[in-house]
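Note that the chains take the letters A, B, C, D and E in the order they are written out, and that residue 1 is the start of every chain.
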């Protein structure tokens, strides 16, 4: 391995090393504050470690890893979310007894898995990254072990996620059987050359892989786990599942399907379109009269991934690849900070009750009058999810529309409109609940320091990039265009 | 010893049916241990598929993927059984339906 | 003096504004001074103009432009006044009779706590009416037209605590508005084809553009006629006027007898060129007038409410005016308008005096023998009725005689109908006089009205008699009617018929020597009487055909049927929510099943099997 | 069908039947035993396909370590026969119908894909040495990542395995 | 720059008002007052600006001010604001009604006054933005921004059924807005294909040679969004609910200016961008307008809820505007603008009266009213004035608008004019019945109600004077918007050979 290659994977090496150091520290001097500080430092250092690699990109490190602008952009997103989740998790766990330290170690491990995912160029690293992320998450979900809900959520996630992993594995095996290669880029050359059999194999392999990925992205009809896990998991973990896990998997999916050229197959596009429409409709319909905020956010994320699929499908249309990458990247960026903001607020509201998280909508009644700033932030995130201007979510949805319009995906766009319309209803329901005049519930909420600042920063970003998105657009165009 | 000339589609068909059986197990059983075991059946089917594919190309990649699957299986089982123990302690049951409360 | 015409409508308007702005904070004396004085000022100006005209002979029309109003896309109506013989005549009636009625009202309404409101509305009415007759273009005329309608509404419903009054007021406004809308459409049509609403240029253009009998002037004239029948309470829109008697009596005198209701006559006279282009419509005007005058006369015969008798009489008399317009006797129509204003105002004010003294008793059969006790009222009624009946030497005689003779020229049937009407008029008028003022007293009147009521009555008495000798200066306005030599028989029969009617009434109601009781109590007689009493069941008919269905439809659709579509969409969405929600069972096996099914599905699609 | 393939069919049949039995037995212990048999049969298949190293690992790690871990847990839980009776009660044949149909469709879909090709494997056996060279050549990062994966599993299992984590504190 | 200042003053004023609540509960409303007055002051110099010509498609148009800075260069989006006579009039109306809304809520809001004022100011800012934005993206941006504070106004300070009403309001406008967004995007992409220039700039998008089929669909997207807002039949059903439940100030703003944004959009965007396509549906649109006129009036008649009644009367009145716009004659357009302004004033006043009644009687049910004139003669007289204005009495602004619209439409389509004229009659019916049920008749109980105080009277008198002014001297308003409308005709000239017909 050359020196340059080592520099390129310096962030991963550094993070792994810091994880080990953290483990040692936990082993010898268990202190939550120290652990969290190490976590934050590790995340920041990892982020900084991408700097030296910047001049080298794109660079392949063994067949398994490739570091390019695309990977760096998503790594940045992941690290940002991980940091925010760490801060939220600190507030969440600090008053819940001892032995909370391992959580942060698992968080770093999961982050490592995500980082590996976004820069993998090979099925082996894909599967390992996926599993590293997944296995860490199983424990994170069940970490507090208060009540049965976390355990149930973790078990459901473990089993179904395992099933979905086998889908991916089996699909990979089929593709390997026909192509003899496990690298993404090599697939592109096979697909066009061979006869009908290989097309069938590739299609079947893609279908199986995509089936597995649909589970992780919680696309319909693989979405059923989502609300249960979102509700059962501790709020910061839910935030992690919603952002880092989904984001990283989407990033690698986009890379896999675009660089292998699989997405250009028309039957695959048909399948993707059906899935997208189903997700948008199912997600929004399921959320419609839901009373649990965490479940609403779960369903809303199903719908959002449906919207994202519109941009994804664009990649398979003629001349749509660059725009697909750009728009999905912006949409994901918007989705990341919005979701983090939402779960940040949920986390803060959940601090009041150690027995269970603030799921039911009644927790939020009167929030506007007792904690106006927090309520305002939540309102902002909800509006952003609904795609209303002034927020980053609007630009994200604008990108989706742009992508769809450019490639004339009218049916999908109609579904986006229908979905958004239904979506408004349940977002507004939450906002309306917050404006209720009541003395119950929200008055006892204390806003913690770390999480408070994290949510405030996220809200500020949400407004800033909603009103002035140009910097992010430039960044995306500079970095992400590498794979298109 | 040289491998016998198994037609690849037959090997993959075996993997497929094992895979299907495992999936059926996950769908039917309520006992968490058996569900986890069915999961292992599926993983094993995938491993078989890789071995078959690797054998077709005569490369080591198939076996390496098998080993990776092995580690994945081990990791999943470790955590899964840990959860199982925890659940059994709380509920005194390892019936999945008895611990299902999240819904809607 | 002509330059001052802007002040004529302005004076009452200012008075109105002051009273509206002070909202009853002024005392009664200032209100009376302001209210009566402003109209007096207008009257003063009008009569000084009249004197100038009388002294120096007829003059060319005088146009005064106050300001530009609208100037959009070739539509350029201005706020400008057109003074000619016709408008001067109308103004004289409005301000003269109006002033007298104002004076009368200052006493009549003295006990009312809304004294100021009353006078503000009255002033606004005078202003609007003056604008109507002075208007140089049809849009401004329309402004006055609607303005008087509004004031009519406000004044009919003046005592709005009683919902019946409110209903009457609304009926007055809405029914006339139907006509107004037709008229507005007529305006649109005229503007579309002639490009202006300036009355004189428009009429000129009309005569140049069209020849007699063209369809567009016919339609336009018909639409304007719609406006006229609404305002002037002619068939088929006459039903509002009897109900409008709910207002204070001076209001009935001013608005519903002397001025506003004749606006339709004015409108047709003003646009007579158009009607000349549309002879069919002109005939229709005559037919409408004739039909109305007969229907109303029959109805008046059976009424018992003193004001309602007068109201039907008004409808009937305006019918005469329409008849006049319809047969081309424009000047006679306007002449009758003027004389009618005198004697009908007199009758109403006299009725007001009776009612005032009898504590708001309206039923004539509860009156009687008032001749001695209320001499002013009696003489007013006697003179007024004589004029109404067109007994020779009264003003009504001159005007009505002209009309009937002119009608004979066109069609003897018109004359015959008119004559029948005149006969009926004399019967119901003197029925009223004999029943109320002769016979035995049934209700004891309180003190008769004071001088502020008596003086206007006296003046009007004088005018009702001498009004027939005036020569209205409208010769320049209307085409010259060639004097024809009437058949002598006709000329003799015409004035005789009313006298016969009076005698008949005398025999029937005072001497009681003619007894029709048996006839009236037979089934046909009583039914016919009921039929006439209900004004030929027109209210009943309109109620069943228009009002009730409208109300029913509105009630049924109160919650907006369109909204149900959206509610339906929302409900369907909700149903889908519950359907999809039921799939979230929480059962792991089911989740795995859905995944497997999804995989099978995706595989099938991506393999191209489905 | 050539005679040469006979061992493959035998192993395949054994593997199939034992797997079927494994997922359908009421008692988890029985199921696990059948699963071990299945794994052993699969190992034979591996061997026949020229992957001796994988065959050995299958037996040692899969059958020897993972499934034994299962058995340990079953013993630890000391479930008795209550669970089995429960399974007897509700695991009626009809429960199997829909999932089986679904899986059959899935299987036929896969067979549809496979039916197009008919290439016997041509390669030679891949020796452990070759596997090792590859493993520590291009796949070296995979090994590293796998180690982190196992670390995560370790930490997770450690955390989850602790006894009455929160309950004890609650009581004391 | 003045425009930016104008909008930002409102945005910032709202924020300051909110923050000031912490110090003193009375401050927010004073800050709002100062904010509005300040923006009014900022507006004064705008009236004296000299117009300059700016190319607009094939024509030129007169603009008083155009301000542009790049915003999102990636998509050719810029922060493009423009002011011409039409927008100036609309902004002036906005600020005036803002003042009215403020006055109407002066003592009404005791719950979270700061946030209330924040929303009030932001609504005004959003609406102002809608009127001056000339970048289609920016327009859409403001279009949505104005919804949120309005949603809050209804959802927080609304009456008993506020959740339903605010949700309905938001859903209707937002979903239709999404169709517009779709149309905007497609338009931009089609335009980029035609010109090679990726831009959201109004000036560049007007007058393109679009494929008729595409143009038709795009026009429909804009049309739906604007007609929902207007609201035109059959998309009007959100309005009665929103109006009924909204607090007085919000009703005033909704009826007074938010509805006008729909009409403004039709005039500024729908027809100029897609003249041919707009002509294709002109008759349908006019028919919808006419149906709206009559339907709204009939429903207004049936209502027992006073605010609901006024809301349906709005549907009826805005139906005229829809007719006028799609008749697309100078007369009708001027009439529509006049109707917009006059309806803004008269309906705002009626809502204020409704609000005042609710404040005093705690009910909006007219069957529980009656005889209120006795208790509150000032209110009665003022109500009578506005009722009369809204039924289209000549001499007041509404008449000028309706008359011009009908007169111009008569030249285009006689049956529709005749049908719409029925509205004049039914308007009289519901207005007068409402007057009867609320103010006239015998007082039902001894209520001892407080009549309008001097603040309310002053506000009302202002609006009354405004209506009278519009009624007797509307020419300044016509002159103000004339250049705008003229340039729009020039632009759409090939389709509408109106010049010959009208002159």
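Here is the rule we use: contacts are C-beta pairs under 8 Å (C-beta built on N, C-alpha and C of every residue); 3 or more make two chains touch, one makes a residue touch a chain.
The structure presented is a predicted model; accordingly, all values stated were derived computationally and were not measured.
Steps from subunit A to subunit D, minimised over paths through touching chains, total 1. Contact with both subunit A and subunit B is made by C, D. The chain with its CA mean position farthest from that of subunit C is D. Looking at which of A-E and B-C shares more C-beta pairs in contact, the answer is the pair A-E. Taking each chain's centre as the mean of its C-alpha atoms, subunit C lies 100 Å from subunit D. Averaging C-alpha coordinates per chain places the centre of subunit B 65 Å away from that of subunit E. Between subunit A and subunit C, the centres computed from C-alpha atoms are 78 Å apart. Subunit C and subunit E have Cα centroids separated by 37 Å.
Counting partner chains per residue, subunit D shows two or more touched chains at residues 99, 102-103, 106, 109-110, 112-113, 117, 139, 142, 146, 149, 152-153, 156, 159-160. Within subunit E, not a single residue touches two or more of the remaining chains. Those residues of subunit B in touch with two or more other chains are numbered 8, 12, 19, 22-23, 26-30, 35-36, 52, 54, 56-57, 59, 61-62, 64, 68, 72, 75-76, 79, 82-84, 86, 96, 100-104. Chains touching one another form the pairs A-B, A-C, A-D, A-E, B-C, B-D, C-D, C-E. Of all residues in subunit A, only 123-124, 127-128, 131, 135, 138-139, 142, 145, 148-149, 151-156, 158-159, 162-163, 165-166, 169-170, 172-174, 176-177, 180, 182, 227-228, 231-232, 290, 292, 295 touch subunit B in the complex they form.
For subunit A in complex with subunit C, the touching residues are 155-156, 159-160, 163-164, 167, 200, 203-204, 206-208, 210-211, 214-215, 220-222, 224-225, 227-228, 265, 267-268, 270-271, 274-275, 282, 285-286, 288-290, 422.
Touching subunit E in their complex are the following residues of subunit C: 20, 23-24, 67-75, 79, 139, 142-143, 145-147, 150, 153-154, 157, 160-163, 166-167, 169-170, 173-174, 177-178, 180-181, 184-185, 187-189, 191-192, 550, 553-555, 557-558, 560, 562-563, 565-566.
Of all residues in subunit D, those touching subunit C in their complex are 98-99, 102-103, 105-106, 109, 112-113. Taken in their complex, subunit E has these residues touching subunit C: 168, 233-234, 236-237, 240, 298-299, 301-304, 329-331, 334-335, 371, 373-374, 377-378, 381, 384, 388, 393-395, 399-400, 403-404, 406-408, 410-411, 417-418, 421-422, 424-425, 428-429, 432-433, 436, 439-443, 472-475, 478, 502-503.
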